[in-house]
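First, the structure itself, so that you have it in front of you.
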Amino acid sequence: MISFVLRRLFQSLVVVLLLSLVLFVGIWLIGNPVDVMISSEATEADRLAAMHSLGLDKPLWEQYLIFLSNAAHGDWGASFVYKVPVTDILMQRLPASLELAGVAFVLAIVISIPAGLYAGLRPNSPIARFIMTFSLVGVSIPTFWQGMLLIVAFGIALPILPVGDRGQLATHFGVTTSLFTLDGWRHVIMPAFSLCLLKMSLLMRVTRAATVEISKLDYVKFAYAKGVRTWKVVIGHILRNALVPLITVIGIEMGNLLAYGVITETVFSWPGLGQLLINSIKVLDRPMIVAQLTYTALLFIFINFVVDILHMTIDPRMKAVMGRRGA
Amino acid sequence: MNRGFVGFARRFAESPVGVASLVVTLFFIFCALFAPWISPTDPYDLSKLQLTDALKPVGAHKMVPGEEIRLDFAVTGGKASAQGDARGISAEPCGDNCLTVGMKSGGLASLQIRNLPKGATVEGATKHPIQPWWTVANPKDGMVKITSADPLPRDFNFSVVAKTADHPTDFVFRLGTDAFGRDMLSAILYGIRISVFVGIVAAGTALVIGTGLGLLAAWRGGVTDAIIMRAVDFMLGFPSILVGLAILAVLGSGVSKVVLAIVIVQWSYYARTSRALAMSELGKEYVEAARCLRLPAWRIMVRHVLPNCLPQIIVLFTLNIAAAIALESSLSFLGVGLPLTQPSLGMLIANGYQYIFSRQYWLSLYPGIVLLVMIIAMNLLGDRLRDLNNPRLDN
Amino acid sequence: MTEAFFKVEGLNTWFFTRAGVIKSVRDVSFDLRPGEVLGIAGESGSGKSVTGMSIMGQIDEPGKIVSGSIRLNGEELTALSFEQMRRVRGKRIAMVFQNPLMTLNPVMRVRDQMYEAIGEHEHASHAEMRERSIEALRAVGIPSPEERLAAYPHELSGGMRQRVVIATALLNGPDMIIADEPTTALDVTIQAQIIYQMRRQIDERGLGMIWITHDLATLSELADRIMVMYAGARMEIGTTAEIIGTPRHPYTRKLLESVPSRNVPGQKLRQIQGSMPSLLMLGEGCPFASRCERATDICRHTLIEQEFSPTHRVWCHHPHEA
């Protein structure tokens, strides 16, 4: 078990290094950010001075090593545009993104698993048909368009929810978040729903498929034959086995929530990391792009890591497989 | 059981949803292929666009914009005559101290009379504060009256600046127009063309590359397999939108770059699927037999293993076209996808985004519906094909 | 002979599918006495498993028990509510399934799956449940049952798992057990052990058992009486000696002829020509008529019952001579 965890950690580290290298070189290929930043009347001397001040005149490998050693110390360099350390900007924007993704994640799980379970247990009921149609539209509808429809419906036609920004913040227990205020909730609920719709629909379909499949299995029939109450069969036998494939999907989708935040934050003008990333790409703010993409990748690698561990605790059969692989 | 294409078609036809999704998908492919012939206008022809048509709602007529007519009149012996091409503007006396000027057919947005002799004025007009110019907006029946307390001189000159009103043509914008006055129906048809093109080319290229690598991994095994599959795991670890964004951040926008980004995202799905299928195929006796016959490796793979993987690959292809279209539209929406000059559906929706707050909903509603229906149809089609391929669902 | 404690009369279980009504069980009646093993034999699709699931009240949509009565100690099971029926399942009627690899939940420990069977029917302390589980496991011949309790199913062999399933079925001291092909998926040597254990439990506890199988060879060793089913209907019912020794129905004969162990070595195995008719298109007549060499016109229109002894009945116009 421990050797397995260590191996996975090592693998993850290699992936992170590889990724940062790919990104660094890739971004370097796009062009010199100085050309975008300096005014058109600037002289060649100005240009060189700007490059020198940003450390862009050093050879590429040296730039990368400097970047790497700084990154290891938590220093991602200064944004070309904002002229302040990238970390500060990221930290300032992070709470908004986490808020949105967190609410979306909880919303997705709380709605999709019961709905999928129901649709799988009563596949022919009208409610199940509704759930399936809803989820089909949900997986097909592009996130940005669906967000716009929500804005039209609840922000304009029926103006009951505010559009844009996080709303009022409040600090309790040393945490500042908009989730402590009603206004904050009013702001977050629509973007969160928009963000989670795709994931929710996907999870519904996966849950339903797993439920349908598992319901037909002998151990479920055997559980009923033992006289086990229906809800206990559903929770203890069907759901518990359905969780095995679900954990993987949930893990991947949780990461996707942060990635799709890029779209949702743009549609809803949410002051989070996603919006920042898009703006950084548009103005070629190199340290910003590299830091954000690396940070997201780190997050993904971490999630994959956790999913593997979770898998092992839920499905005892995995332990045998993993143990063998790890040995 | 029922093998062959006819049997497959018959089983496919058992599901009305499947048939409907196929019909809709074919319809969109038809639109994509024949967009230049079926669309009412060419949305890429910037010279045909006119601002008078901008942001017109659904069902509005295309307008011929009004024009300005400048004309000098000379009155000699009480009779007025136009100096030059009158273009429907006329002036007739209506008594000693009265002259009517205008367009008899009506349809004037405004009429301005300049340089009248002293004492003359124009009925119902506003006079320019300094210049001797009298302007009547929307003159009744297109005519204005020049009057004077004293009789008008026998000979004098004056000028007319007439603006004809915009007037509708028979051409109807069935889905309204965008901010450039572009017919949305045509833009959507061309948008479908671009989206379908990007989807098919990207998913198709990914199919060829991914399946090739998957088969290679399955055949060679060992280090080749390990490298390819680690790369697949690596790719699958990250969400497609982020990979696409990162690639376009590096490469910049453009059709070929979007296609490339989608290929980089999607090849791994094919590689994983085809490798798994090929591995199970390679374990079967007929492959062993083919190996014993010393058939070349590529021949066994292409002639024996590939055809057995194909049904599932095709299912994946159908679903991936839909995914590619969705990804392209998302990237275009974010402004890193396709260029503005050739809008895909995603770009059309993005362009319309700013207008939803002023309730000009048609700009993004209709392209959105088209995009949604297209993606749903392809997803349903893929699901149906998968169900037919899945022996477990046979009973 | 003791009185029958369990009676099925005129059972009809139909499935209402989109393609039409599938009459999986048609007019089936039988009874069961304490300490008796009734074998239900038939090919797949004969309705034998559906009969078992009907008794358990576990027919899933779109299936339904259309008519008939199922009585356990005089109590009408078809009239019970879902909750009342739940109290019967596992407590008074237990069931053992075909594939031991699939019957146990892979993500639950053996003990949780066994405790569950007790806890759903009575309040028992943890120690008591453990005590009874160990006892049941030991009764079916599982070595060191204390250790097995903590195991996950995948850590046990197929035979071991089937013993766990049987032990679970025995936990609440049921009146009867329905076993649906419990040994089909096992090796022959394990099969023999399981059959031996089952027989011992039946004899010791005096419970009734319905043994559903396609394998007449197993039944000849285990069952007291045998009912042969075909396409949802009874063909022949009688004591094991009567069915194996003097089969009357042409179908029973064919079935026996296709059992390898009964054939002379070197002789070709006899198959039954044709295949079972679609359950969607059954008429009033004998369902086997289309494959039967002895069939005449009357077979296609009516079906009659003939009694050869108080225990031996055959549904056939042209039964074989003894």
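By letter and in written order, the chains are A, B and C; residue numbering begins at 1 in each of them.
The rule we apply is simple: a residue touches a chain if its C-beta (ideal position, glycine included) is under 8 Å from a C-beta of that chain, and two chains touch if they have at least 3 such contacts.
Keep in mind that this is a model prediction, so the values were computed, not measured.
Note: the chain lying farthest from subunit C is B, by mean C-alpha position. Geometrically, the chain at the heart of the complex, using CA-atom means, is A.
Here the largest set of C-beta contact pairs joins the chains A-B. Subunit A and subunit C have Cα centroids separated by 52 Å. In terms of their C-alpha centroids, the spacing between subunit B and subunit C amounts to 65 Å.
One inter-chain figure worth recording: subunit A and subunit B are separated by 31 Å, centre to centre, where each centre is the mean of the chain's CA atoms.
Taken in their complex, subunit A has these residues touching subunit B: 15, 18, 23, 26-27, 29-30, 136-137, 139-145, 148-149, 151-152, 156, 252, 255-256, 259-260, 262-263, 266-267, 277-278, 281-282, 289, 293, 296-297, 300-301, 304. Residue ranges of subunit B in contact with subunit A, taken from their complex: 234, 237-239, 241-242, 245-252, 322, 326, 329-330, 333-336, 346, 349-350, 353, 356-357, 359, 361, 364, 368, 371-372, 375-376, 379-380. Across the interface of their complex, subunit C is touched by residues 124, 217-219, 221-230, 232, 236-237, 240-241, 244, 314-317, 320 of subunit A. Contact residues of subunit C toward subunit A in the complex are 56, 58, 61, 82, 86-91, 94-95, 97-99, 102-108, 116-117, 120-121, 152, 154, 165, 168.
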